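Would you mind keeping the following structure in view while I ask a few things?
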Amino acid sequence: MMGPRVWSSVRQGLSRGLARNVRGLASGEGRKVDISGIYPPVTTPFTATAEVDYGKLEENLHKLGTLPFRGFVVQGSTGEFPFLTSSERLEVVSRARQAMPKDKLLLAGSGCESTQATVEMTVSMAQVGADAALVVTPCYYRGRMSSAALIHHYTKVADLSPIPVVLYSVPANTGLDLPVDAVVTLSQHPNIVGMKDSSGDVTRMGLIVHKTRRQDFRVLAGSAGFLLASYALGAVGGVCTLANVLGAQLCQLERLCLTGQWEDAQKLQHRLIEPNAAVTRRFGIPGLKKTMDWFGYYGGPCRSPLQELRPEEEEALRVDFTSNGWL
Amino acid sequence: MMGPRVWSSVRQGLSRGLARNVRGLASGEGRKVDISGIYPPVTTPFTATAEVDYGKLEENLHKLGTLPFRGFVVQGSTGEFPFLTSSERLEVVSRARQAMPKDKLLLAGSGCESTQATVEMTVSMAQVGADAALVVTPCYYRGRMSSAALIHHYTKVADLSPIPVVLYSVPANTGLDLPVDAVVTLSQHPNIVGMKDSSGDVTRMGLIVHKTRRQDFRVLAGSAGFLLASYALGAVGGVCTLANVLGAQLCQLERLCLTGQWEDAQKLQHRLIEPNAAVTRRFGIPGLKKTMDWFGYYGGPCRSPLQELRPEEEEALRVDFTSNGWL
Amino acid sequence: MMGPRVWSSVRQGLSRGLARNVRGLASGEGRKVDISGIYPPVTTPFTATAEVDYGKLEENLHKLGTLPFRGFVVQGSTGEFPFLTSSERLEVVSRARQAMPKDKLLLAGSGCESTQATVEMTVSMAQVGADAALVVTPCYYRGRMSSAALIHHYTKVADLSPIPVVLYSVPANTGLDLPVDAVVTLSQHPNIVGMKDSSGDVTRMGLIVHKTRRQDFRVLAGSAGFLLASYALGAVGGVCTLANVLGAQLCQLERLCLTGQWEDAQKLQHRLIEPNAAVTRRFGIPGLKKTMDWFGYYGGPCRSPLQELRPEEEEALRVDFTSNGWL
Amino acid sequence: MMGPRVWSSVRQGLSRGLARNVRGLASGEGRKVDISGIYPPVTTPFTATAEVDYGKLEENLHKLGTLPFRGFVVQGSTGEFPFLTSSERLEVVSRARQAMPKDKLLLAGSGCESTQATVEMTVSMAQVGADAALVVTPCYYRGRMSSAALIHHYTKVADLSPIPVVLYSVPANTGLDLPVDAVVTLSQHPNIVGMKDSSGDVTRMGLIVHKTRRQDFRVLAGSAGFLLASYALGAVGGVCTLANVLGAQLCQLERLCLTGQWEDAQKLQHRLIEPNAAVTRRFGIPGLKKTMDWFGYYGGPCRSPLQELRPEEEEALRVDFTSNGWL
């Protein structure tokens, strides 16, 4: 997936990386990094000619960096990672690392379809500064992605990764739920520290929290629509697309949940459901990027085949924000 | 669906019922009944020859009647209503009314496929003592069950029902979600007091609570697996199959949620997820009835085509209760 | 499901029926009735006040009776059977039997959710003149409708039915496919003569034909859209909603297939796909009834909750017929 | 997706390619290549250490090359293309071109998630000898893959491709059907010559044939299970995984269909359904590769995360072949 020179430096780095245990997150003393908190999965800004706009990426991160996030997800589904070359994926993470405050965690999406490519990408992500790897389930051959296959895949990746691994299940994109029994098995791996679950099935999420309670294993909600419910069930944070535009509000929701102010939390959560659906399921990344333009960030175009919103879609998007008092 | 003599008495009763506003739940002063609380959807006990065993029904209700439930759902999905004749459905409700404590609400399942049959069944249910009607979405022609069709259906039923109507969406059985926009429209009807939502999609549930907040409209969780999350999002109770065997625990979970003891609530909720799945999605009514036998109630056989559990299923069912400390 | 007087006569008839082997279709000599051919699943006409209009039913049948159909399906999905009382279901079949040419087969839909109700309805259908019973899969508890449960259900029905039984799998309505292994087992029952498969999965249909080839077991396509493909795979006819308006054309398609004129068959089939989708999946029974009005039959209203087509739907329906040269 | 040196040669080649209209398949005179016929989608052989085994690829192609196929699909879903680097994908196609008889068509899978990457890969595929490009629908953001988005994507690819483009819809892998209206629009593009449809919905396939009948547009069945039905509906061939092991039989089935011997065709088709399901839906590429070992080809391992069959799976796979007389 990348040219020979890039890879040879990656491979040299790999041996170094394995030696020094990158950024100390998975320490030799058996304590895992705590990933609790709120993360925006940042977008990849493009110019009008669909080149990655690293300057805009840095600008966005500077603005977002002032909010009390735990960190950033870079190259998650929201980052259009399937549209980037391997080099671009790494460069985006590298630039994000530079632009981000040092104390924030960088979770880098490193999932590929093959186990080998995922290992290589994860190692490379560590080299360019990722604190942990967010690894989406492979899915093209989903009919054969049994628990056994997925356990094998993630175990291999976690064995060889110099940074902690976070499991990532996002059935809306992959058509595949990472099965609960596979999660429970994988939670025992010393280099697997948690999971992002975007299914929205909080019963499943509660069961995962329950059955991994004896492990150092953290569950993050994969969307702002069920963030409050996730905290109620034992999740400890969220990777929320909506945090790219309503980041302060999501950090406030986190605080309300953590301090037990459930009534205020409920009121706030209610007002976030429609805007969240608008920038995820309903209008996708084009919807999010349009909204970012409204909220003072750089949104810009998506890479093709993602298309700009039609005018009536843009109008409906706006209503989802105005009717809830955010615009 | 019933013989002419039954219906003529129903029709006479209907005019009386409309006059006296049955049990006063939908009063003329514009205040609706408050359905908040926990309800077991009771099973219909059968003899070995598949006759309804009314004596066992009464015994079960006497035992369940000592628990602090808000009331009982009679002839919901758990009651095998599709397997009963119209006469049996009414007789079961009538007997349940007699056996239940007077201060408990009786919510009677009265949904049929046609609007007309649903109206007639709802009126009949009122005649035999139901306090409110729980009306499942018609579903056989689900491809044509648009919001408009469902709004028309429920409006007609609510217009003609002498007792308050509770909407009931249970996609696992019907293959159909009652759309949010239909719920919002229907929430404005003076004789529609709430909804039972069994989808398990708490984001959707939160949105329904949010968008009906200016109405007297109550949302009940349709299953124990997401009861805590539902309270967190603004639901006010639940119709929980699991309450047929772990009723005290579900009432305790309600109390913990209502008094803001979210940590204890979470721990209890976690231990209820697997048992709940076992008596619903996983092993269905045969699983529930088997468990009732274990917990001192009468379970007994189901009507065909529902089959008894196979020995290995029964063993797995037991594990779901023992591993969570309930057996 | 019906008043006591109806049932007592049904039960008397049942003993007679079992003795004389109703209409000789399932003979003692081990030969089963051959159901090969084309059948319209007739609609149930209603008056403006939603009463069954038996006169219009007879008129429609007189017109349809002039076409070379093998027979008629009465009270299939197209007949709005879930909206009729048991008495109405029987009366419609009884009237249809009178109005139909004597040499045509009457396949009566007799499926109910419970095994017992299905047996009783099947027996009653035989009493009022059905030649065979078309028995849809029970589906409300589809999560528990395993092969074993369905085999048990159909075996019981076939054991007790005085007329031959035709299996009926229609996942668009039931959310359930009758599994191939269950079909293969059931094909060995002496009183089960075939199957109507509406799934549209002709690979599955071919496999069923293949695996039941040593039985007297006939497969009928459940829709006109894949009628040619079904013949190519070994089906021997079809129950086609579209035959209510383009009956001559479907009989012609049958003839072309049976005489090996595949090129002409293909051309005709192609022109039937959109009209067929329009009166089934796309616009349902309201679409079919509207079209019947155009083609000289009585369509009329549906029972609620089925709604009339909106003007733009009616326009789109018309286009599906005109663009293929049928209007 | 590839190193800079590879790409610069690709880009030089591109300008040449556009000039000379690679291999003459999409000629300036407005006649398109005719892709009618049977194609095995060849596997990518791997060594025990998961390196591509080009020698085994050539051996397999030499054996397959003796059969009367129209050509080969290289780097389709069966070729594990998502597990290969861009360089490997190109090298596999290049080697296949060398090993294949000159008169056979080479259809190369060139689909990527982004439009730009797909264009580049398609151009590269042309450079290394592909006769046409088989372009799978992008799918990761399937919620936004509207007809408009897909039309835009394929139009761009076809505009810029030096070789003809074949659309490829495979919902089992992508969770996405290429909509009929998009196909009809795209069929008018001078550089789009046909489609591989793996949905198995022959009604849909018939409609596509019907609505594109005025274009030079060919439809290929995407699987052997519905090959006969596809011919009956107007398809002109198939890309059949099963052709990797029962290639002679599939060519025979083609001949029977083309010469109107439908009864023999039906018998043969019936015996191919279970073996086909076994090497596709049921046991996937691991099942196919195991079967190839039995039939004298090189199967070998898959890349991870695809796992070897468990012994009981292998036994079931064998039964699907033996019970139909193929082993």
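In order of appearance the chains are A, B, C and D, and numbering begins at 1 in each one.
Operating definition for what follows: a contact is a pair of C-beta atoms (placed from the backbone, for glycine too) under 8 Å apart; a residue touches a chain by one contact, two chains touch by 3 or more.
Molecules present, by chain and UniProt name: A, B, C, D = 4-hydroxy-2-oxoglutarate aldolase, mitochondrial.
Predicted model only: the values in this text are computed from it and were never measured.
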Legend entry - Chain separated most widely from chain D, comparing mean CA positions: B
Inset, instruction - Could you grab the centroid distance between chain A and chain C? Build each centroid from C-alpha atoms only and quote it in angstrom. - result: 51
Legend entry - Centre-to-centre distance between chain D and chain C (centres being mean Cα positions), rounded to whole Å: 39
Inset, instruction - For chain B and chain C, let me know how many angstrom lie between their CA-based centres, rounded off. - result: 34
Inset, instruction - Going through chain B residue by residue, note those that touch at least 2 other chains and give them in order. - result: none
Inset, instruction - Pick one for the touching-chains graph, please: line, ring, star, complete, other. - result: ring
Inset, instruction - Under the touch definition given earlier, write down the residues of chain D that touch chain C in their complex. - result: 200-203, 206-207, 209-210, 213, 223, 225-226, 228-229, 232-234, 260, 262, 265-266, 269-271, 273-274, 277
Legend entry - Of chain C, residues touching chain B in the complex: 1-6, 50, 77, 82-83, 85-86, 113-117, 138, 140-146, 148-150, 152-153, 156, 172-173, 175, 281, 283-286, 303-307
